[in-house]
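Order as written gives the chain letters A, B, C, D, E and F; numbering starts at 1 within each chain.
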Amino acid sequence: MSGLTHFDDQGAAHMVDVSDKAATDRMAVAEGRVIMSPETLALVMQGTAKKGDVLGVARLAGIMGAKKTADLIPLCHPLPVTKVALDLTLDATLPGVVVRATVKTSGQTGVEMEALTAVSVACLTVYDMLKAAEKGMQITGIRLLLKEGGKSGSWSAK
Amino acid sequence: MSGLTHFDDQGAAHMVDVSDKAATDRMAVAEGRVIMSPETLALVMQGTAKKGDVLGVARLAGIMGAKKTADLIPLCHPLPVTKVALDLTLDATLPGVVVRATVKTSGQTGVEMEALTAVSVACLTVYDMLKAAEKGMQITGIRLLLKEGGKSGSWSAK
Amino acid sequence: MSGLTHFDDQGAAHMVDVSDKAATDRMAVAEGRVIMSPETLALVMQGTAKKGDVLGVARLAGIMGAKKTADLIPLCHPLPVTKVALDLTLDATLPGVVVRATVKTSGQTGVEMEALTAVSVACLTVYDMLKAAEKGMQITGIRLLLKEGGKSGSWSAK
Amino acid sequence: MSGLTHFDDQGAAHMVDVSDKAATDRMAVAEGRVIMSPETLALVMQGTAKKGDVLGVARLAGIMGAKKTADLIPLCHPLPVTKVALDLTLDATLPGVVVRATVKTSGQTGVEMEALTAVSVACLTVYDMLKAAEKGMQITGIRLLLKEGGKSGSWSAK
Amino acid sequence: MSGLTHFDDQGAAHMVDVSDKAATDRMAVAEGRVIMSPETLALVMQGTAKKGDVLGVARLAGIMGAKKTADLIPLCHPLPVTKVALDLTLDATLPGVVVRATVKTSGQTGVEMEALTAVSVACLTVYDMLKAAEKGMQITGIRLLLKEGGKSGSWSAK
Amino acid sequence: MSGLTHFDDQGAAHMVDVSDKAATDRMAVAEGRVIMSPETLALVMQGTAKKGDVLGVARLAGIMGAKKTADLIPLCHPLPVTKVALDLTLDATLPGVVVRATVKTSGQTGVEMEALTAVSVACLTVYDMLKAAEKGMQITGIRLLLKEGGKSGSWSAK
């Protein structure tokens, strides 16, 4: 079953054996966005300028979420991340919030899932904090931007 | 600061006091999708028909993810869900996988975040299981479809 | 598919909807045992009498394990237990340790899995603490002894 | 107190100091079984053939359970597993389900507890999914089959 | 053994049976402080005024910590909190940070441990964020200020 | 912003990048105390001598708490501890309990937070087990005593 390493020959799910892979420096960057009305975005802007820091809470949630990746994604290997940073910016043209996460480790598997999980949890937290104002927001465009390290080498989104 | 109940008068984040709200039956339905190439979708289809059940693993991850919502979303109230169901379908026109989650509880707050978290974790798991075949997949369109119960009553996406 | 409530009509796993069930008082008692050599059992006895309390550590692990049941068993409903007690006794005729757990709650589902999980974690902890002395121990006879409350009423092992 | 490394000289429980041990490749295989009636086993067989995959759910629960070992067993060292695989087979002569788990890591302590925990959680999940059909099932014969790596070298069950 | 309800007649630790207690509204307020040098306190003040919000991060950590209480304290009953709020203030006369937590629930046991855990985790987080500047800080004066609800009624610190 | 490494140039909280730091042996010792009335201390003493082992339960809670540090402290790096030991002693002159924790790892960051978290959770557990006898106890003097390893070298409290 080409390409689907998370299944063995009988099709049973397993956590892939990475014990023979070298521990190398790994990095991944992922992105996502929360689309909202201009009125809701204005609420976020007010909070950032003055009080009620939606982005600060979401940033922290994303960092802590990255550490829970192996707990959430069944076949993910646990690995000790060495850096997690989230960048949240307001974008009036969406309108909405753009979330970008960078994760590093030195290990036998990559940190793509950690970066994507950090982005997802930060987006969910933005939604949670603003849902009293607008229930119709959408979380969208969650994707890997960049991956470095490991046998398969670098990859970046087109 | 109208609309942002997760902050107090000074703008400090807090978990909203719901102790005076009545415990009523609550329900929420959320949706999301993972967009992939036709070739990757074909891999999922083979697995469903024969072996290597991507959708089965993602469904379970979503159910377990719903139970971790209050652990992931900082200001979310913990509540004992009474039902979690995920529906994952293949859609050749996307092409990709559509994830829909239904969550119920009887409590003092709603289960919108539980439904959205279930969808997000299921989508991340689909990505994880297929990323060896295609790193450029996107998770998109995560949104609330329906909400019932509570003082604010029913709401459905347009 | 008679009897297997954890699957829907299409055979997809789900967390059963218990939102229409009444919250009643529930109780469950489960049992298990760790079989070991007389020499290993003697080590446990020494510790109980004097120092190095294997049973005390295992008892606590079982209590804490009961609280993690919904985190471990995918389709288990989370519920707030109102009592967890573990009884660990030495049995020279096995020879080994007998573990018995009693769990209570007031809720919409039973606590059989909480009692069985408490027993399992306590048995695993006994093994962990004694494995330097004997790797060949066996954990055996984990079973439900008694169940009370709920629509299906009482049940006891023959 | 010979053999009980989890206690210090005063008999106080502690997490053993392994900081001077070399990080070597480690592997462990454990086994367990769930004994049930032929009628219940038939339900599992139907599900495997057609729908309602009890074994698939239990396999995933076991994999995720292995990652929670240090959280469940008080004095267990946390370590990043590099492989977890579960093999669940139906055995009409028991009658019941046989669970076998293989875990690997490269670290300063072994993965016996991870393999035994994976087996236990998988067995508990089998019980949970079938308990509506039969409450009297027993989980039995949980034991270590094989252990490789580390200063004490290999060990296998007789 | 008067007063120590967490042990049974044989002195074995257990989670107290509260199944016969009424579910009533409960509230607890706890307090603690982190003592530091005036120079370190000045760093916190700068961050609050401008950027690098130490108190904001600690507040969130405390709120999330309250939700983990039953996971941390072995014999604590799990219960769904309905409000968690943390108040962190700078006190130049200490010099240091004063942390106060208020927690509510409607349940069969009180939330004293939730309030004390919230304070402890917030204080630890303050320490973590400032330890690069001063390792000699002390966390001190963690105590219950107020408790309301339950059979034993109200209690307040002298 | 000198000294506050947990914020980037814009003042946004992040998990510091330690990927370029060498993995070295690290050790930290922390301390704390629970102050109580002589009558309450007498209850602890009785338990230690005979039954109802408050210190044993708190010791285990502290060990398990050390393993949850990265889960509790938002910007803490996860790392696999290689030793956790807690020493709890009764001090009639306080009167109260003195808790001391020693933690080791081989890694890219220190274990100060693990040692402080172990002490905090053990103190909270002592409070929990004795609160039925005395609600006015105080947890105090939580501080780092010693730190070894890493680029910044050794540090000890004056």
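Note that in this section contacts are C-beta pairs under 8 Å (C-beta built on N, C-alpha and C of every residue); 3 or more make two chains touch, one makes a residue touch a chain.
All of these numbers come straight from a predicted model, not from anything done at the bench.
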Steps needed, at minimum, to go from subunit E to subunit F via contacts: 1
Same or different contact residues where subunit E meets its copy subunit B, judged by the half mark: different
Chain of greatest Cα-centre distance to subunit A: C
Chain centre separation in whole Å, for subunit F relative to subunit B (CA means): 36
Mean-CA-position distance for subunit D and subunit B (Å): 30
Euclidean distance of C-alpha centroids - subunit A vs subunit B, Å: 15
Subunit B residues counted as touching two or more neighbouring chains: 12-13, 53, 56-57, 60, 64, 68, 71, 74-75, 80
Those chain pairs that satisfy the touch definition: A-B, A-D, A-E, A-F, B-C, B-D, B-E, C-D, C-E, C-F, D-F, E-F
Residues on subunit D engaged by subunit C in the complex (per definition of touch): 1-7, 10-13, 32, 40, 43, 46-47, 50-54, 57, 60-61, 64-65, 68, 71-76, 112-113, 116-117, 120-121, 123-125, 127-144, 147, 155, 157-158
Residues of subunit C touching subunit F in the complex: 53, 56-57, 60, 64
Touching residues (chain side subunit B, partner subunit E) in the complex: 8, 12-19, 70-71, 74-75, 77-80, 107-108
Residue ranges of subunit C in contact with subunit E within the complex: 25, 56, 59-60, 63-64, 66-68, 80-87, 104-106
